[in-house]
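Shared between the two complexes below is subunit A, which has subunit B as its partner in the first and subunit C in the second.
Presenting the complex of A and B:
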């Protein structure tokens, strides 16, 4: 028994069992939720030194597993991240039991999560590029179910991930003999450019972002929010692995400046683009781009202490994504013909008061609005940015203000009367949709009021990056 | 070792990729894809043991077979068409592809120094040329089948290049998984779109 066996091999095997049970969705959902809950709890309570002390003996669980001459290693310090990834899967699988996104949702979400854990654990870590490509391929049935024409956004997603794979692997090969190369070598510059370019393709950075709003519009909101949420969370941490492993990379001042400007451009651009959108579902793509921008901004402030805020952004951000996915899925379940085009959103509040408000709350939360869970971390990030890179602040403000304008425009649309006397949806919003929303509001409020209770645990995510936390 | 004969499979590989970029007849495209993998196998024997090189050939042909069986089974929607004259679009893609091949040949010495590969010119020519043609294909076409074909072409070029740089069993296994995964995704797109077109 080893940690990769527990959190990678067994989940993948279990997903195989779930695939066999795909025509029994209820049983499959219950099994997935219980199993992922078990993985989350185990990851949280597992001793950090991976040793169990019994009265008469000490049992140590190995942290690595050798597969085809390469190692997969999950140390005790990485278990908080593992717990977070499986917690995300648990939350979305609970959602799937209500909305029934796809009969393959349980099995695929579990395999994809196990692969993301492998991405963060494989040695040499550059092999993760191939696993990310596999994840993209496995996501296809969830993003484009049968009965829907193949979407161009999905094709672009696969193309970009394939190009990124080539760039990252080539970078890895270039860097294999880098210790013998002087710091000012053109080889290093070439490798850095290819690495950043590969990352930009992976995370959908401007101008490689177009697939995100496209798949947000055409795919099931719950599936999109899970896949993009997992991707963003894991890739943010994976970028830290690069910076931690390559001393020359983190010592290049241009790297942090490039990351900062890339992040700021993404924040500004996503805000501007969101104001121009005519379809509500597409907003999610731009929210993801904005949040990736904030992740890059936090990473770029590593020498100034920005990393803790990156770690503390992860959980509240995921909760906001879940709220968004839940609300849109709820509306689509109650109104299967809902297209989310601007014209059809008028008076949405009068039909679905709580669901429509959930959409706005999730957007405001991601924007960093006071009294919502992302506010404390974003406030600190704005402060750090203002102190260390004041030239970027006008762009961050513009991005935030235009995103706020987009949200207020949606708010105006939601509350305006439809012209004739409007009445709430006769069927109303069923309790099974409302109760989780209320619970989520309570959790988010608690997190906003007392961030010191839960969020410090998230700082453990940074423990494996010993070179970065020394800053 | 005399490697000048390797220019024959290198030329064949580029020709197959050029055919896939230009023509829109799925049977021709799949034959070209199969030829591309055969040429790749021959080139790989110069840097790998034949048993290792054979893995790529088997995986590539399996991917081709998956696409062939799917296209053959979705019926009249993807009917085989007879030989057609080149349309203006196809002519443009042909010229663009030729330009890429000439570009690769002209800049081959610089590419060689970039990848520190002084000896094996045919392998590098085939790898970089195929990657560029694959890139051209995915950037010029929006039909799922041809995008998957373009990605398989791009990956075969990249695998050829990478095979000469590093050998790892896990890497081979993952590349095999990705190639088969791409073929299965392509088959999924074909079936799904055919179901919508002819319910």
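Presenting the complex of A and C:
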């Protein structure tokens, strides 16, 4: 028994069982939720030294496993991140039990999560690029359900991920000679450029972002929010692995500046682009881009102590994505013909008050609006940015203001009177849709008012990165 | 702890009314719950005067090395007058609303009023910026919840995004001010706002009050006349005024140009609003101008480096204003009650606003001071005019309302007297008695002139008696259009549409069939650009 076996091999095996049960969605859902809950709880209670002390003996669980001559290592310090990834899967699988996105959702979500855990654990970590490509391919059935024409955005997603794979592997090849060249060698600069472009393609940085709004528009909101949420969370931490492992990379003076400007451009661009959207579902793509921008901004402030805020952003951000996915899926379930085009959104509040407000709340939360869970961390990030890179502040402000404009445009549409006295949807918003929203509001509110209750635990995600400035 | 008890009491009363109304509706029971809750809270706030200043630490965000926030509540001489005014207003609303107790919607309105008062008290008691930000968001959310259903089929709903947009902007401005303040003084309290951040706090409060920049989004909407609607409009004003009271003394001291600009804008706002108040059709239609005029007075105090003096004008805004606005239905026999409300802002020695003159006019009497004095005169004239011109068809009230209705108005007058006697150190003063006297004399002269001419003041606004009516109305209309910021929204809309056209074209190119090729071109260009700067070994 080893930690990779518990959190990677067994989940993949269990996903195989779930695949066999795909014709029994209810049972499959229950099994997935119970199983992932077990993985989350286990990851949270597992001793950090991976040792169980019994009265007469001490049992140590190995932290590594060798597969195909590559080592997969999950140390005790990495378990918080593992718990977070499986918690995300658990949350979305609960959602799937209500919305029934796809019969393969349970199995695939579990495999994809296990693969993301592998991405963060494989040694040498450059091989993670292959796994990320595999994740992209496994996402296809979720993003493009059977019977539907393959979407252009999905194809583009695969193309960009493949290009990123090439760039990252090329970096690996270039780095094989690093020990033999002087520190100031241009080879290092080229390698870092390749690496950064590889990352830019992975995370959908401008101008490689087009697939994000496209798949947000055409695919099921719950599936998109899960896949992009998992990807963003894992890749943010994966980038830290690079910075932690390669001293030459983090010591390059241009690296943090480049990351900062890339992040700021993404924040500004996403806000501007969001205001131009005619389709509600496409906003999600731009929200993801904005949040990736904030992640890069936090990483770029590593020497000034930006990383703790990155770690504490992860969970609240995921909750906001979930709220978004839930609300859109709810509207689509109650109104299967809903296209989310601007014209069809008029007066949505009067038909679905809570679902429409959930959309706005999730957007405001991601914007970092007060009394919502991303506010405490973003407020501190704004402070750090103002102190250390004041030249970027106007762009961050513009990005925020235009995103606020996009939210207000939606608000105006939602509350628009329909001409005659309207009454809520005759069928109403069923309790199974409303209760989770209310619970989510309460959790988000609690996180915003008292971030000290849950979020400090998220700082443990940073424990493995011993070479980076954490506090 | 008493602070929490007061807040809890108001919230519990609100919840009790909601539950009682849902289970077994009975208006008298709901009214009694509301009254008892409000009365005990009023007494509690009044007694807090004996323990000023006092604070209540809630908790600090952990780890403290990563956050600058320690949430706490504080009550001192800066916010206590507003707290008492607000609770008085709430209680007066419940008293006077007894004339509308036949309406089935009344209990819900009372429950809303109590909750709104509690949340606004939270904003008033906020000791640190984040507490204030949270309270403002709660206030807005509550206002949204209580406003929107009533505007479902109302075309004024179209203005709601503007109103809430301005509120959100003000909240974000406050957040920006907090960050700016933390750069020089991490974890500062509202009682010690760094001067660098003062401008953000001023703008945040100014935006909510509609003064800086002057904005009147609801100008064309009919003002609702009932008490709860008044509370809905005035309570957020109270929490914004409390921020102004706490602004640093050296606000914009290092930026004389900005200071001068803000003073000019504030003076223009005060003059315009006072003029519109004087010539308004009735007190309800002119209500937004009353708020803006007196809020401008408060802001001017802060700009003159005497922010604490703004308490006098702020309290006058809430108390004198509500005495007049709550006088509905207007019963002839008790018309003297709203007239007593004038005590709150007349500015004569040993009245409530006497201590506000020094802040309003500044240390030196300038042309700007004269204009503010003129604005004050117009406010006085307008108040008297509206009081005397109120007409109504109601000649009598139900038996219970004959007691409760005037009692509500008396309560407000009584609070004016309380604040006058001991609202804050130095509240009972002769102040700049010359200014109060000058304003009163000027008001007397203007009023006499019109009576001497055989015309009533209201005739001023009648077309046939105003020689340059057409020119004047065009000018006023144009000015109103400028101030309502519709031109700004329309211009932004035009810019947005143009940008959207360009943006959508670019988007179509990137997302079209050749999108991947375009992205590859970008990739190659960027890599080439980066590598071009690298010297080859």
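A few comments on the model shown:
In the analysis below, the second predicted complex is superposed on the first by the 468 of 471 C-alpha atoms of A that agree within 3 Å, B and C clash if a C-alpha of one lies under 4 Å from a C-alpha of the other, contacts with A are read in each partner's own complex, and residues count from 1 in each chain.
Just so it is clear, contacts are C-beta pairs under 8 Å (C-beta built on N, C-alpha and C of every residue); 3 or more make two chains touch, one makes a residue touch a chain.
Note that the structure is a prediction, hence the values are computed from the model and not measured.
By the touch criterion stated above, A:21 is placed in contact with neither subunit B nor subunit C. In the overlay built on the shared chain, the residue A:166 is in contact with subunit B alone; subunit C does not reach it.
Looking at the shared chain after the overlay, A:5 reaches neither subunit B nor subunit C. Contact with subunit B, but none with subunit C, is seen for A:67 once the two complexes are overlaid on the shared chain. Look at A:408: by the touch rule set out above, it reaches subunit C but stays clear of subunit B.
Once the two complexes are laid over each other on the shared chain, residue contacts for A:449 go to subunit C alone; subunit B is not touched. In the superposition on chain A, A:350 makes contact with subunit C only, while subunit B stays out of contact range. Legend: residue contacts after superposition of the two complexes on their common chain; A:94 is shown touching neither subunit B nor subunit C. Looking at the shared chain after the overlay, A:149 reaches subunit B, while subunit C stays out of its contact range. Note on subunit A: of its two partners subunit C and subunit B, the one contacting more of its residues is C. Counting contacts as defined above, subunit A residues 152, 159, 163 meet subunit B in one complex and subunit C in the other. Contact residues on subunit B toward subunit A in their complex (touch as defined above): 131, 135, 138, 142, 144, 147, 151, 154-155, 158, 162, 165-166, 168-171, 173-175, 177-178, 181-182, 184-185, 188-189, 191-193, 195-196.
By the touch rule above, subunit A contacts subunit B in their complex via residues 67-70, 127, 130-131, 133-134, 137-138, 140-141, 144, 146-150, 152, 155, 158-159, 162-163, 165-166, 169-170, 173, 176. Residues of subunit C touching subunit A in their complex: 59-63, 65-69, 71, 130, 133-134, 136-138, 148, 151-155, 157-158, 160-161, 164-165, 168-169, 171-172, 175-176, 178-180, 182-183, 496, 499-500, 503-504, 507, 510-511, 513, 515-516, 518-520, 522-523, 526-527, 530-531, 534-537.
Residues 152-153, 156, 159-160, 163, 185-187, 189-190, 193, 197, 201, 207-208, 210, 213-214, 272-273, 275-276, 305, 308-309, 312, 349-350, 369-371, 375-376, 379-380, 382-383, 386-387, 397, 400, 404-405, 408-409, 411-412, 415-422, 448-452, 456, 459, 471 of subunit A touch subunit C in their complex.
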